[in-house]
Amino acid sequence: MEKMKKFIKKLIQSNSPMLLPSYSGIPTFMRTPFYNDLTNLDIALVGVPFDGGTTNRPGSRHGPREIRNQSSLTGLQNHQSKIIPFQNCRIGDIGDVPFSNPHNLETSIKDIEVFYNNITKANVVPITAGGDHSISYPILKALGKNKPVGLIHIDAHCDTASKIDGSKLQHGSPFRNAVETGVLDPKRTIQIGIRGPHEHLWEFSYQSGMRVIHIEEFYEMGLKAVIKEARNIVGDDPTYISFDIDGLDPAYAPGTGTPEIGGLTSFEGQQIIRGLRGLNLIGGDIVEVSPPFDPSGCTALVGANLMFEMLCVISDSLAT
Amino acid sequence: MEKMKKFIKKLIQSNSPMLLPSYSGIPTFMRTPFYNDLTNLDIALVGVPFDGGTTNRPGSRHGPREIRNQSSLTGLQNHQSKIIPFQNCRIGDIGDVPFSNPHNLETSIKDIEVFYNNITKANVVPITAGGDHSISYPILKALGKNKPVGLIHIDAHCDTASKIDGSKLQHGSPFRNAVETGVLDPKRTIQIGIRGPHEHLWEFSYQSGMRVIHIEEFYEMGLKAVIKEARNIVGDDPTYISFDIDGLDPAYAPGTGTPEIGGLTSFEGQQIIRGLRGLNLIGGDIVEVSPPFDPSGCTALVGANLMFEMLCVISDSLAT
Amino acid sequence: MEKMKKFIKKLIQSNSPMLLPSYSGIPTFMRTPFYNDLTNLDIALVGVPFDGGTTNRPGSRHGPREIRNQSSLTGLQNHQSKIIPFQNCRIGDIGDVPFSNPHNLETSIKDIEVFYNNITKANVVPITAGGDHSISYPILKALGKNKPVGLIHIDAHCDTASKIDGSKLQHGSPFRNAVETGVLDPKRTIQIGIRGPHEHLWEFSYQSGMRVIHIEEFYEMGLKAVIKEARNIVGDDPTYISFDIDGLDPAYAPGTGTPEIGGLTSFEGQQIIRGLRGLNLIGGDIVEVSPPFDPSGCTALVGANLMFEMLCVISDSLAT
Amino acid sequence: MEKMKKFIKKLIQSNSPMLLPSYSGIPTFMRTPFYNDLTNLDIALVGVPFDGGTTNRPGSRHGPREIRNQSSLTGLQNHQSKIIPFQNCRIGDIGDVPFSNPHNLETSIKDIEVFYNNITKANVVPITAGGDHSISYPILKALGKNKPVGLIHIDAHCDTASKIDGSKLQHGSPFRNAVETGVLDPKRTIQIGIRGPHEHLWEFSYQSGMRVIHIEEFYEMGLKAVIKEARNIVGDDPTYISFDIDGLDPAYAPGTGTPEIGGLTSFEGQQIIRGLRGLNLIGGDIVEVSPPFDPSGCTALVGANLMFEMLCVISDSLAT
Amino acid sequence: MEKMKKFIKKLIQSNSPMLLPSYSGIPTFMRTPFYNDLTNLDIALVGVPFDGGTTNRPGSRHGPREIRNQSSLTGLQNHQSKIIPFQNCRIGDIGDVPFSNPHNLETSIKDIEVFYNNITKANVVPITAGGDHSISYPILKALGKNKPVGLIHIDAHCDTASKIDGSKLQHGSPFRNAVETGVLDPKRTIQIGIRGPHEHLWEFSYQSGMRVIHIEEFYEMGLKAVIKEARNIVGDDPTYISFDIDGLDPAYAPGTGTPEIGGLTSFEGQQIIRGLRGLNLIGGDIVEVSPPFDPSGCTALVGANLMFEMLCVISDSLAT
Amino acid sequence: MEKMKKFIKKLIQSNSPMLLPSYSGIPTFMRTPFYNDLTNLDIALVGVPFDGGTTNRPGSRHGPREIRNQSSLTGLQNHQSKIIPFQNCRIGDIGDVPFSNPHNLETSIKDIEVFYNNITKANVVPITAGGDHSISYPILKALGKNKPVGLIHIDAHCDTASKIDGSKLQHGSPFRNAVETGVLDPKRTIQIGIRGPHEHLWEFSYQSGMRVIHIEEFYEMGLKAVIKEARNIVGDDPTYISFDIDGLDPAYAPGTGTPEIGGLTSFEGQQIIRGLRGLNLIGGDIVEVSPPFDPSGCTALVGANLMFEMLCVISDSLAT
């Protein structure tokens, strides 16, 4: 409590927009300061407004804008873990990845990689709001350049297809691409919440040695056992979190491109991320929020909150 | 996996619309072929665009159209059971039941019966998208003509009222009508998910010997015990599945005529149907999806997925 | 069953609007009679169309109107407890609290207090549809005037802040205000479902001795244990129920001003209220339903149903 | 102005709900008093929550409820004509027509006729909110019982079909039915705003001598000439107004069952009704508002305002 | 009238789905028959579910599906011109253009061209529902292969940019591309309804000699004069119609990618197309309907109706 | 054209976010730079997220956020007037007015006045996005401090009431308050588009000598005559523009607190503002955009565009 009071005093002194009513002010991510460069940052909040890899319903290009908007409703401290991320680290919104030609999937994937290479070069940890899931591949290329990383992946789909609709870079293949490029370690990869009638596309997950936890197994094992297994699999080495909002049930997150019924609750999503505290976390993303399919705006709200959860455990990682 | 690969090869060779992106092509149910006659079919997917039996909010006449639309997002194989229905059986969309006068409840119920009599005469198994629940009565008249059938009924309401608003054929009475006509065996009937303040209407369920599992008992017993009891009750004889979308909680299925809070999740709905594998299943329906009350479209998506689940267990029944 | 049949016969004889189709007639709360005075009432259903205390998204001024509208879909008897509230007690809709100046938070809080003083003076028990949570303070002032009351409070937020945005009367502070005014007994107060990143605002809950059950503890303990503890804490003395709709997860209740993900289900909300049967209940409120943020209307439907649950246990309290 | 001040003073003295904020209070039509009998009324505002005659998209059974709701946003005095209807006449909401069996089109049409016979017997003038257009036939049967009435009919469709979908009483035929029953004088009938690809259904309009003004002719002639012709056609004898909300363009009124693009604006709709001042007006209806297809609620708002316009000219008729 | 009666008799005899209620049956365009080949067709209705050229808000890939859906509400005969297109010509729905890789703008544009080359080779006239405006370029390549065509183009934007966001093939450049490829004659091109703050992008329109009618000039000239000028400019040679739904005001067509306020009404849009009767029309398209941004569905309804208007004048062209 | 090319070159060189795709980047107003102080500005774009003066439907506190969001779809140059505001002047977003206690109408009005006093002191011209109309009073207090200003006011309501609901500062009285405080010259005030049944509230407009143009007179006179009269009335002295979005018809702007049918089109709104070019314009506001009542987002889009129109004529005023 004392820590928190001190922190708020600091915010008041600096006249921080974080203290404004939620509907007021310019919506950067969680109303953190906007930065044009990376010099004074530990963690960069990044938007990747790109949905050129979407195979079904588009619109996740609007994800970063709307997650920023809804993120004004998030807060300062995690009530369960007591983590105050903004006290742990220097955190800022560095805007959106620019695209030379958003109509071109190949160059766009390259543009993302270049952008994240700059982030890693600056020793800054990125937390990203997508965009469709194709963006995780170039992010992993930047983060795993020197050594393949581990992955905790919450999703309805394994996203390890070979080709879909004639393309290898679309949003159904990022983690296969990452393994084949040598930036992701499949043995240190766990995929949680998998379901839906596309199982035949995910052969590579099994062949490469990823641990796949279908939603049925998730409920058989229980939340705690799943978290424990996730921690065991990724171990102490650098690990990335990728959270596809369609891992949640459409009741909780209707605004997405490929909804699959029978999924996780928001509570379970939060608990999984909180359960990763203490791991060696090097970044995370929340993807596939598609505001045009989200009449109540709650999907972006969930996205913003999950981004906040990532921020908590990652900032804690960095601080300790 | 091999079976699936072969199946997809076949789809590619036949240039099947099932392989198109989900937003493309004419929306038949699951993009199966449209058939004008029943000669070459094992299972017929049928629409009954009728809501003349609705006592509260109308709109389920638009159910078949929108379930067809959303069914493009379903797929080829059940990820849990590994069933590939389209390989098991010859499956097609035979369009909608035509009505001589949709403003007349009596003749419409008759029109439905006639239509399903033709289906059963052709030895084809119908899986239906309604429409309000009044349509289950004429369907059962066709299916149980020779011998009363068993019933697994998921719903918030027992639908065994005597009269509502002056009518006996409206959507609150189909199963009483079916028992009284001798086409439904109440002793082989189980009703799951029942709740809401209309209990006084369902006296007939108890008097006739149906097994009623209220939502509270459902959670006390647990999913597996409920499935086990359902299997025991219907036994090995011919059994019909009727799934009223309002059996689910409005968080999962807001687009319906008589929403009752405190209901099942989509996951539980899927599990119940999957749990029926191996029974002697002779047809099923998913009813009461009302698109005008469904701003995100997710209710029709749930409806389409539950229809796919029925297709899996029923096609498996037929194949074995 | 017999009791119910008698009751319905009575409704038919009196030509009660409660028997009309749900879409028909003037929407008073549950289509109970409208009363201009309190003389012949045991329980008064009251609307408080006021959102001048909202710190985030407004709109709960429209709550009473829309809860009245959706309450036509509720019914006559609780299917689990078999309680028929309208048989237990004389129940009516007494309209909305009038405001001398709805733009003035201070005088509005006063207007509410005056209105509820009249209700308590008439020995009538109020069940209220808000409005934002600021309205619970003046209600408690009326109800706890002679002796501090106990409180069962379901919410995502403790609402025991000191000041927010320069004001002490807004919707984040009612229960601190009530304790400080001596109308609420913090030792007989339990707060259930608490979560979200505003923990630093709720210090007063702990200091004053309230029992705070965060959502995580709720799931650790289980529903039954929570109910048991709630009953123990409030004991046999007069107790008020305050249900903030944001205690539920936004999947179940998106239409609210400060949604917090990771919350209760509607089923859990219902069970908590049903679990209070037999306590010494002196009133209740359902607050923070904001229809403009509720495209499907389901939040108001949930609100209407929870109001019905309160009516059941409170009418039972009065009848026994 | 003086008249208005006096009127408001009276409202204040009687503590009229008309002075409450628009979101407050029980939504009767324009918050006029609710009456159980007709004794003290000049004009009765009536709801007919019936859509059993709808051939396309249903939902107008919810029209009266939602028009009542939105009518709180209308006011006391017409700014153009200066008419204060509530000062001219005794006006009240008499609730909704009750139906013995809303699933039966024939008996429902009969129920309506009986209800309006009582109104005319009491010498009260009805202004009605539908419901689909099938309801105008039984209303005209009551109003034209002694002598066929004249009609000013604003609509996209002539509604003079013989049979549609096997039925003669559905919402596409009321005015043919009325002529054939001898309660409507086709020579004193004008139909304004007609358009859309169903022209072949309206042969009877031409054969019986109705004046049909297509939307193209409407814009050729201009608003004033159309009003003049309407006045000439109906003359000084008793005349009814029937306004189908789909006479307006879907931009102005999307919430309707059979929208036709290329229609009137709300302004033009208002002007037409205002232009009828001084005629011998004996009633009017606004039909086909279907709230489920009206996400913004504006269609019901337009409906409520047009009902207010009718109230102005009709009350003026009665007063002079 | 007689012609129409005969036509309907024919439809009844052939049991045509065109006579079903609007909510029933499989939604092909206007419920015309689905054809797998072009042999027996005069006019082909085509869907191009492609939005890979969209620079702002995506979603027009869902346009063909939803225009098909809403087209059930259109009809058989134009009420103003009396044209019955389905009697003039053999008309069918030939489904959607298939894409080898919808993530690749270049190959997709090529796929479209190939598809339309087959259509023109078969001497069939295409009427197309897009998709974004980038699709008009490959269509024109097929239609203008032998000789540059004339163009009547209704739009808020000239769509003659050089490059946007690094791409030349996106939806802001189709008509420049067409001129530069020699398939469109700029001197025989008129662009109607132009507005919005992107004027600097349209330099090519002026340089190449296109006639640009801004919305202000449109209202200065009046509808009839604009139609006359359009007819003069294109003359008697083969002419294509391209209607971007954003030519209409967002009040009439909110569901589009680049809405510009201050636009045409639906009525004006209809009148423009009707005014083209008698020209040498060789095809048309309606593009940029984006259902995810269209909560009421009216934009797709407008699109379907404008497609029907094109069908009327084009079928009349072919028949005479 | 050359001017524009130069301007774009400059934007490219400065890497301006104005050139990003519309869905990308942080949404300041029109993606102008955010400024913490006023030193280097000619025109300040300001948000006033306040709806504490709303008498009907709230939500305009969300107006600035959503207008900022939609303003990304506006552009660089007015296509009709050729004005490039960003070249004329130094323009920036200075964020939102902060409130010491947003629950207090009196202090909030004071907070606004203080904020605008700073703006005028710095010789900067403010263009404001509200917020409800109560905010225009304190803005005028700042702008008219030395000498009463003239006013061009587009609205459905005169907003010159004395008191409503017990308050004098709510959104129905700003212009009466301004006259009585001596900061607005009623003789140099014109109110355009007035309508609706609240005429009795606007007596002060007539008594004080304002020119009131009802919507009916607007259409009688025609757009050009109205503009001419507006110019005559305000003359060459300093003049303020206040545009209440409810001046437009709800078809164009449903998302507002007090919609009145029968209003202006967006085109007419644009033309009125463009017609003010050359006047001595000292600021403007666009108020009453309420996003929660705006499912398609088009009202905020209209608001953003009208703000751009004001920016054009005001920047032109300053530049010449």
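Details
A, B, C, D, E and F label the chains in the order they appear, each numbered from 1.
The working rule: a contact is a pair of C-beta atoms (placed from the backbone, for glycine too) under 8 Å apart; a residue touches a chain by one contact, two chains touch by 3 or more.
Source: prediction; values computed, not measured.
Note on connectivity: the fewest steps through touching chains from subunit A to subunit F is 1.
Under the touch definition stated at the top, subunit A and subunit C share these contacting partners: B, F.
Listed options A-C, A-F or A-E contain a single repeat of the A-B interface, assigned here to A-C, on the basis that more than half of the contact pairs agree by residue number.
Between the interfaces E-F and B-E, more contacting C-beta pairs are found at E-F.
At the far end from subunit C, in terms of centres built from Cα atoms, lies E.
The centroid of the Cα atoms in subunit B and the matching centroid in subunit D are 40 Å apart. Annotation: 38 Å between the Cα-based centres of subunit D and subunit E.
Taking each chain's centre as the mean of its C-alpha atoms, subunit C lies 55 Å from subunit E.
Annotation for subunit B: residues touching 2 or more other chains are 21, 23, 55, 57, 61-62, 99, 102, 165, 249, 251, 293, 295-296.
Taken chain by chain, the contacts fit none of the simple shapes, being neither an open path, a ring, a star, nor a full set of pairwise contacts.
Touching chain pairs in this entry, ordered by label, are A-B, A-C, A-E, A-F, B-C, B-D, B-E, C-D, C-F, D-E, D-F, E-F. Remark: subunit D residues 20-21, 23-28, 34, 47, 49, 61-62, 64-65, 68-69, 93, 95-96, 98-99, 102, 295 touch subunit C in the complex. Interface residues of subunit E facing subunit A in the complex, by the touch rule stated above, are 51-53, 55, 57-59, 61-62, 99-105, 107, 165-167, 169-170, 292-293, 295. Interface residues of subunit B, counted against subunit A in their complex, comprise 1, 4-5, 8, 21-23, 73-80, 82, 249, 251-252, 265-267, 270-271, 295-298, 301-302, 305, 308. By the touch rule above, subunit C contacts subunit A in their complex via residues 55-57, 165, 194-200, 203, 214-216, 219, 249-251, 254-255, 258-259, 261-263, 293-296.
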